[in-house]
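In what comes next, subunit A is part of two complexes: it sits with subunit B in the first one and with subunit C in the second one.
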Partner chain A sequence: MTALRICVLGSNACAWEIADRLDKAQVDVLLAARDGADDLRPAAGRRGEPSRVETLSGVRLSACNGQIGRFDLVFASRETVIRQTVSAVVLAESDERCSNQALYGLKPAEGILPLSKLLEAGFRPPAGTAPWKQVVFLNGLRTESQPAIAGDIMRAALQLQNEHGAQCCILTRNLKVAGEGLEALSREARAAGVLFFKFTNSEPTVLQAEDGSVRMRFIADPTGKEFQLAPDLVVVDEAVRPSNDALELARILGIESDPAGFTQADNVHRLPVATNRRGIIVAGPARLVGTDAAVEASNAALEVLIGLAAAPADVATAAQIESGRCVRCLTCLRVCPYRAVALDGRPQILPDACERCGICAAECPREAIRIAGLEHADLHRLIAAGPTTDPAGDSPLLVAFCCRRSAAPALRAAAADSCWTATLNIIEVPCAGGIAPEVILSAFRQGADGVLILACHADNCHSRHGNHLAQQRAQLSSAFLDRCGAGAGRLVFKTLASNMPAEAAAIVTAFSTTLHGLKSNAPSARTPEKELS
Partner chain B sequence: MTTPTDVSTLRSYDRPRWPFSQDVCMTCGICACTCPVSGVDGFDPRKVVRLAAMGLEQELVDSRWPWICTMCGKCEQACPMEVRIPDVVRRIRSLRDRDQVPGILHKGLQAALETGNNLRLPKDDFLFILEDVAGEIREEPGFEELQVHVDKKGARVLTTIHNKLVNTHTEDLKHWWKIFHAAGESWTISSENWEGTSWGYFTGDDDAMKTMAGRILNQMEALEIDTLLWPE
Partner chain C sequence: MAKGNCLPEHRVLVIGAGIGGLTAASALARFGVQVDLVERRAALGGHAVRFACKATDRCVKCGACLVTEAIAAATSDPRIRIHAGSRVGEFRRTAQRFEFTIERSEEAVPGGGRSSEAGRDATPPAAAVDAVVLAAGFDVFDPKDKAYGHGVFPNVVTLLELEHELRRQGALNRPSDGSAPQRMAFIQCVGSRDAKLGHLWCSRFCCGAALRAARRIKSLRPQTEITVFYIDIQSFGRDFEDVYRQCRQELRFIRAIPSEAFAVDGGGIRLIYTEGALHPATEAIFDLVVLSTGMVPPAGLDELTARLGSTPADSGFASRDPAAGIFAAGAVRGPMSIADSMADARDAAARVLGFLGRPWNMAEGSPAPPRLPRGHLITPQSACRVGPAR
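Take a look at the complex of A and B:
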């Protein structure tokens, strides 16, 4: 095995910590960031020991090709292009804060500071001005409160009140305290006399005079009393978002983000710090708001080493592109959620990146992609192995294609104590997005009265858009069934989570009832290998 | 329309703190939901706690709210922040001038401090009522031998009397006494300062509570009794 070399992208406490931990684990590290050399603090500099950490500052990543074990990185600096090969990549970029001042309709003025500026100023007014007597913090009145921001606000209020003799008020809508020590901090601030005014259905009236000074008036929930304020200082909360560098790097690395752009996607099937691309790990402030650098560093270092220690994939189990059939339309490259298709003259599967979801194979217009165990013939056999008659009566015969991460466990749990087990063929697949229309029709050809496509909920697909593709194909197939006269109602697409057996049972029961109705109208539809072949 | 209160006049942070955790209220409102008298004259425990936390106790002292509270304590049981709400209410009550304490509580407490019971019931009348009730019990089968012992030195149990039991609810005395009799208990009632209801508790008057508790203790010492039954 070649020596491991891991690229850590970022220039902040978390990135340095990760480099340090990997260094201690005897792994070579390439610490790269866009910042100048002065800002890039190498781990070795802090410990004064020989280091395996190599630094690359003032560079921009412009490409990342390859798969876990070997990624080819291209960095651009002002003068030159630098190529590096690494085993894995950790993206540990920074976040940034932007003031909500404009949202509150406040013009810049001496008596108004964004939270970060107050922290930077060390809680002291500019030289030559009087100490602040009354400070008002605005928290989460215009955007949803953010625990990391609320924490900074409460710490600042406590400090100003205890050390600087100011009277502090926090005007807040929801006060989010879901963070380390924040509930205790809220208690401490209240006990120190910091005044919290909470707004639910109302908000303070904020008036700014020509000279920039601010007055406020409000009815305080829940006393119903009206108050007024003329603070020396108004501290405005801030929104937290990933840095522009983080957003750009996530795009170049081809990893999914959450709706706000943070590099940890909301996908419930993925563990923290993992991404859709094996061997690319995310950590730090740009992953999630309010993370702890040390915890992030441990998780990231561990995850990246575990991933690299795993045995390389058996090439035979990954998707295979039949070069004779492939016409290089690049559909596979476009649809693969895991960046497991590389383009080297023609598309090629990267076996260690492939998760066997089957999306590429199902989407390929030339049927040029095969996955062992998931080929049409394999699925055909699984369909054929199911029940062909109802031993107890005339319940409809059902085939259910189920995602193994969600619907399959739910339906199995439901089937354990139900009457329709004998007529239901549960076919478990890695992703519902891997079921091609031909496979759906194959089920009907083999005598199914109805077919269920059961996928994960919207935005909860391990394969990003597998559930969405499955739904699209179900719609197309339904339209086809309708044109054939078999009835569009014979095909149903639903979404489930693995903990929803009751809902799974309800879907099957309702579908069976519908099919009974269809059967009485069109009894011939059940004849095998007839209308649709 | 009243003028808004200027927040800078609130002294939430430099006044002496009350030890009832009122400041940590997070205004969740669970107390207001559990309170059986929420809504009466606009009262609810959360408003009381919030005004106290803001240092506006004088507003509370001047209002009727603290006197609407029944001191049942449900709010305190429900509060997730463990704010001692009845203690807050009681402290506010204590801050009102005594002659401004609502009529019956103030008068009853004055009577108790001056005469030993809230009713100003003379000793002879009290003893007559006790004997009269005992006579009624003795007419019931099995209780012919029942005795009421007053000021019995060396008895095992001293019991106090809630004033309404020698006024409108004498029937309620009988249960206790029958049980004592059937159990062969050695018990007694004091002829002086027998009042078991201490309205110093409800009016926030700690001195009055201390006086009345002290009297009971003195009786126990004088009668050489080591067990007290203090119903209420």
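Take a look at the complex of A and C:
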């Protein structure tokens, strides 16, 4: 086996920590960032030690091809193009803080500082200026604040209050104390004389004079008393966003991001540091607001090595494209949530990136994609191998296609203490998005009275949109059943989570009741399987 | 990559099989470490295994469903010896190792999942390990000393009890008469942010849990009127701003913590609260009151850490003692969400690997990680035959 080499993209504390962990784990690291060489050097303590960390400064990633085990990266620097081959990639880019000043209608002025500027100044007035007498912090009045921001504000207020003789006031809506030590900090600040004014349904009136000075007027909530403040310093809170570099790298790497642009999808199956692509890991401040560099580094290092140990896959288990049937419509390239299809003249499956969800096979209009164990014939066999119609004839036969991560465990738990009157054939699939309409119809051909497609909830699909595709196909199949007179009610699509056995039981019970009212679909004899394949 | 058999054999004791302990155990096992996982309850999964899914028309990312996968991963790993319904008996530090005995614990939690979930249960009388992961989790604050009548008025329940009911029934009914509540109240910060109790912490998960549960209840019965009493609503989730905006449309928020609760006829609960000097004391009657009880250090943690030769933090939660080979992980270190516990547990696992001086090469023949499934083949055996039932 070739030696592992991991590319860490970024130059912040978290990126260095990851490189350090991998170094100690005896893995080669390529640390690459846009910054100049001066920014990209190890912390003083480690300089001079033998290290497996190689740095590449002043470069921009422009392409990433390949799959876990071997990614070919192309970096562009000012003069040249650098190609590197690595086993896996960790994206550990930075966040940015953007002042909310404009949201408060304030123009830049001498007496207004964004929070970061005050932090950079070490919480003290610049040399040569008079000490601040009254400092007002605006926190989370227009957008919701974050614990990290609230923590910085409270620390700053406490220090200015205690050491620089300022009277500090924090004007806030929800005070975010859901971070380590923040509730205790807020009490310490109060005890030191920092005033907290909390707003619920009102807001302070913030007025800025021509000379830039700011006044505030408001009714303080608990007392109902009107306050007027004319601070010599106003500190404005900040919003936290992923850096532009992080956004660009996420796009180049082809990984999902959340609605705010952070480099990990809002999907619990990606926790803690995974992405939709095997071998590409995200960590640090651009992954999520308020992360801890050390915790992120441990998780990134573990995840990347665990992923590499699972590769390479047995090529035979991945999806395979039959070249004779493929007409290069590129549907597979478009629908694969894992970026496991590459284009090299014609679409090719990257076996180590393939998660066997079956979406490409089910969507392929030419039926040119096969996945061992998930082919139509395999599923026909499974349906046939299941229980047959109750001889008494009064209990409907249900075939339930269940997503392995959600509905299958829920339905099994429900079946353990079931009280429904139905014969249930649970067919577990990696993703409900891999069930083609032909398979649904095959269940009916084999005598099912009803078919359930049970997928994960929206936004909870490991394969991103497998549940949505399954629902679309269920709607199409229902319409077809309706047209051919079988009744659209015989096919039901529902979403479940693994911890919903009660809901799973309710779905089966309700469906069997519906089917009791319909004519049985039981054939006098089952359709022989050879006719199907 | 080095051969697995070239590596020294290391064994680690993981105390607690909640989401933190399960995650730490699986991570260590993947790197070839032998694990003894000791859980005092009969069922694995800790608190989270009894949480309900709070999805509305979509997933709300509470993470409760991840516990099922964590249990499956730990029970299917041959390197993990699971001791459910057990506790650590004697514990002794020897030169470089720790020796301990395992005894049966008295605890069996009613409704805490089937004991068969505990999987293999190979309890040796004693073992020796190289490091300890302390993942004893948390206790839920017991609100008996708060004037809300929990334990006396049937229609005052904790958030945890609400979760269990939603999980068990897939619906919400009043304990007193089984009717669907029309008017509900959530009281936040019960036992958290409370200087009188010395609880100078925000429990972090309860705003998310309460608002998600409230929206789930609204999605099941839209006509339910829900009021949330709060101090400050804490952010949760990547889409908090949107969710909070929706919540403010669907729910009524009152920035006050009720001082008392009284039972009224028909099972109702009257709450008394004051929104500030501008408002007089107000009363409102609810059919069901939910107390968002916070996290506190688990009972017996002092005694347990003392036996391990470690000391807890000032808050009473556990602190990491890496030099001594004791690594606290998850909510035993302080309030954490499911996602945070998982990340913290993997951090602890990484630190244990460093402490053992173990190169992080994967052992050969590692079982496929369940989150990254490989070669999952459907065989007729995996099709479940059920029914016809009663």
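One rule holds for everything that comes next: the second predicted complex is superposed on the first by the 502 of 533 C-alpha atoms of A that agree within 3 Å, B and C clash if a C-alpha of one lies under 4 Å from a C-alpha of the other, contacts with A are read in each partner's own complex, and residues count from 1 in each chain.
To be clear about the criterion, a residue touches a chain if its C-beta (ideal position, glycine included) is under 8 Å from a C-beta of that chain, and two chains touch if they have at least 3 such contacts.
Not measured: the values here are computed from a predicted model.
Peer 1: Could you check whether subunit B and subunit C clash or fit when both are placed on subunit A?
Peer 2: They clash.
Peer 1: Give one of first, second, both or neither to describe whether A:S243 is in contact with subunit B, with subunit C, with both, or with none.
Peer 2: neither
Peer 1: Please indicate which partner A:D221 is in contact with in the superposed arrangement: first for subunit B, second for subunit C, both, or neither.
Peer 2: Once the two structures are laid over each other on A, A:D221 reaches both partners.
Peer 1: With the two structures laid over each other on chain A, which partner does A:T421 touch: subunit B (first), subunit C (second), both, or neither?
Peer 2: second
Peer 1: Which touches a greater number of subunit A residues, subunit B or subunit C?
Peer 2: On the superposition, C touches more of the residues of subunit A.
Peer 1: Is A:Q161 touching the first partner subunit B, the second partner subunit C, both, or neither of them?
Peer 2: first
Peer 1: Identify the partner contact of A:A310: answer first if only subunit B is touched, second if only subunit C is, both if each is, neither if none is.
Peer 2: It touches subunit C, and subunit B stays clear.
Peer 1: Applying the touch criterion given at the start, work out whether A:G193 contacts subunit B, subunit C, both or neither, answering first, second, both or neither.
Peer 2: first
Peer 1: Which holds for A:C169: it touches subunit B only (first), subunit C only (second), both, or neither?
Peer 2: A:C169 sits against subunit B, while subunit C stays out of touch.
Peer 1: Between subunit B and subunit C, whom does A:R21 touch in the aligned arrangement: first, second, both, or neither?
Peer 2: Touch partner of A:R21: subunit C, not subunit B.
Peer 1: Let me test your reading of the model: by the given contact rule, A:Q101 touches which partner, first (subunit B), second (subunit C), both or neither?
Peer 2: Neither partner.
Peer 1: Pick the subunit B stretch that clashes with subunit C in the superposition, from 22-30, 112-120 or 184-192.
Peer 2: 22-30
Peer 1: Pick out the shared contact residues on subunit A: the ones touching subunit B in one complex and subunit C in the other.
Peer 2: Common interface on subunit A, subunit B vs subunit C: 175, 187, 198, 221-224.
Peer 1: Give every residue of subunit A touching subunit B within the complex, in rising order.
Peer 2: 133-134, 161, 167, 169, 175, 186-187, 190-196, 198, 217, 220-230
Peer 1: Help me check something: in the complex, which residues belonging to subunit C touch subunit A?
Peer 2: 1, 27, 30-31, 49, 51-53, 55, 57-59, 61, 63-69, 72, 114, 167-171, 192-193, 195, 200-202, 204, 207, 232-242, 244, 255, 276-278, 334, 339, 342-344, 346-347, 349-351, 353-354, 359-362, 366, 368-369, 371-380, 382-390
Peer 1: What part of subunit A is in contact with subunit C in the complex they form?
Peer 2: 1, 4, 21, 24-27, 143-147, 174-180, 182-184, 187, 198, 200, 221-224, 258-260, 262, 266-269, 271-274, 278, 288, 294-299, 301-303, 305-310, 313-314, 317, 355-356, 372-374, 378-379, 381-382, 385-387, 390, 395, 404-406, 409, 411-412, 415-416, 418-430, 456-460, 495-500, 502-503, 505-506
Peer 1: Across the complex, what residues on subunit B touch subunit A?
Peer 2: Residues 2, 4-8, 10, 12-14, 17, 21, 23-27, 29, 32, 42, 44, 46-47, 50-51, 53-54, 56, 81 of subunit B touch subunit A in their complex.
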